[in-house]
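Chain naming follows the written order as A, B, C and D, and within any one chain the residues start at number 1.
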Amino acid sequence: MTDSLRELAQQLQQFANERDWQQFHAPKNLACALVVEAAELLEHFQWLTEDQSRSLDSARHDAVAAEMADVLLYLLQLSNALDVDLVAAAQTKLKTNALKYPVHLARGNSTKYDEL
Amino acid sequence: MTDSLRELAQQLQQFANERDWQQFHAPKNLACALVVEAAELLEHFQWLTEDQSRSLDSARHDAVAAEMADVLLYLLQLSNALDVDLVAAAQTKLKTNALKYPVHLARGNSTKYDEL
Amino acid sequence: MTDSLRELAQQLQQFANERDWQQFHAPKNLACALVVEAAELLEHFQWLTEDQSRSLDSARHDAVAAEMADVLLYLLQLSNALDVDLVAAAQTKLKTNALKYPVHLARGNSTKYDEL
Amino acid sequence: MTDSLRELAQQLQQFANERDWQQFHAPKNLACALVVEAAELLEHFQWLTEDQSRSLDSARHDAVAAEMADVLLYLLQLSNALDVDLVAAAQTKLKTNALKYPVHLARGNSTKYDEL
């Protein structure tokens, strides 16, 4: 994991330790909290059109950024709890996706998006 | 943002550009995809006890890590689309949380977890 | 609760009893399963425009209806587990909403949708 | 659909019509709102143990019932928008599940819950 992400992950661990909150941080609970935060993020967009979602006003943009931070913080706590290297896992996934959606097939037909 | 995260974010942008997928990647749609991936992560835990979630077998651990990667990848694509510095936003949030839950009050009574 | 909903709820209880699944059906777990099903429903719409979501083809329509059924079934199982009368709770909520969004104020300005 | 559910669905349609809110109620948006409400429901349980989730105090029980009502109301609005008979869809799903998890196989080994 990168230095800044590792630093954040360590700060989160210390934060929870100081408050004796590790007892609540079973992976199952962190996965619940992650979904809850992701849904709070989605709440900002639910009645907007796609175009409106591309041009948020400044107050909404800040609120959305704060929700994105919450998602990242729970994801890092989960990576702590399960000892997962997030960046390595993401790199692996990117390689899988490159094989799954080769440019010459994916370009223009967007099968991924039509055939769920 | 850290170098490795920025590198991942750039790879994702190139990946979508090559496939002409930016048209689908309105922030609203990326927020939907983020929740969907977070829920796929939760699906692994839904029938487990908290203790079971702390000791996943190797196959489940790998599957969970792959779902966590998906969450990170959509979060990075959203940060691209909205021009949000994720690590900076997370640092800001950590400072807010430290003020909101001071150690001497939060320790032992876990108010955060009882009073939602 | 209405007769048909009550009948469904009773069938679900019997279904779980016969399989000795009540042990898994803590309200917390059912709430997890409900979110997971709701996200599977959302997955069908995540890359569609709003207009496309209004005119699903027949195969997609059937798949969406099946996901909606899953959401209802977990909601009913949760109402069993917590002894909640869903229809009564919904009627109460409707009255609250009518007070919260009076027609003469809500009509045309859609405050609910702009100020989340 | 049962009479009480149909009555609720009709009330919701009238409620939205009076406020000119149908323009916001594309199925995609309703599916977003449904996930958001389901996550608000889950939020009540995220830090509870399964046992705690089985014995909510009265205030929490009422709050949970109100969130369950919100989930039902959006599910009904989606059934309006897509012309889906929810009870019929649920009955179909129950029959599918009975074939998928026969009692003599499902009882005691809970395969459904181990093999996601």
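Methods note: a residue touches a chain if its C-beta (ideal position, glycine included) is under 8 Å from a C-beta of that chain, and two chains touch if they have at least 3 such contacts.
Keep in mind the model is a prediction, meaning the values are calculated, not measured.
As for how the two copies chain C and chain D face one another, over half of their interface residue numbers coincide. Between the chain pairs A-D and A-C, more C-beta pairs are in contact across A-D. Chain A and chain C have Cα centroids lying 25 Å from one another. Chain C and chain D have centres, each the mean of its CA atoms, that are 2 Å apart. Counting partner chains per residue, chain C has residues 24, 29, 32, 35, 38-39, 42-45, 47, 49-50, 110, 112-113 touching two or more of them. Interface of chain A with chain C (complex): residues 32, 35, 39, 43-44, 46-47, 49-50, 110, 112-114, 116. Considering their complex, residues 1-5, 8, 11-12, 15, 18-21, 24, 26-29, 31-32, 34-35, 38-39, 41-42, 44-45, 48-51, 53-54, 56, 61, 64-66, 68-73, 75-76, 78-79, 81-82, 84, 86-87, 89-94, 97-98, 101, 103, 106-108, 110, 112-113 of chain C touch chain D.
Residue ranges of chain D in contact with chain A, taken from their complex: 24, 29, 32-33, 35-36, 38-40, 42-43, 45-47.
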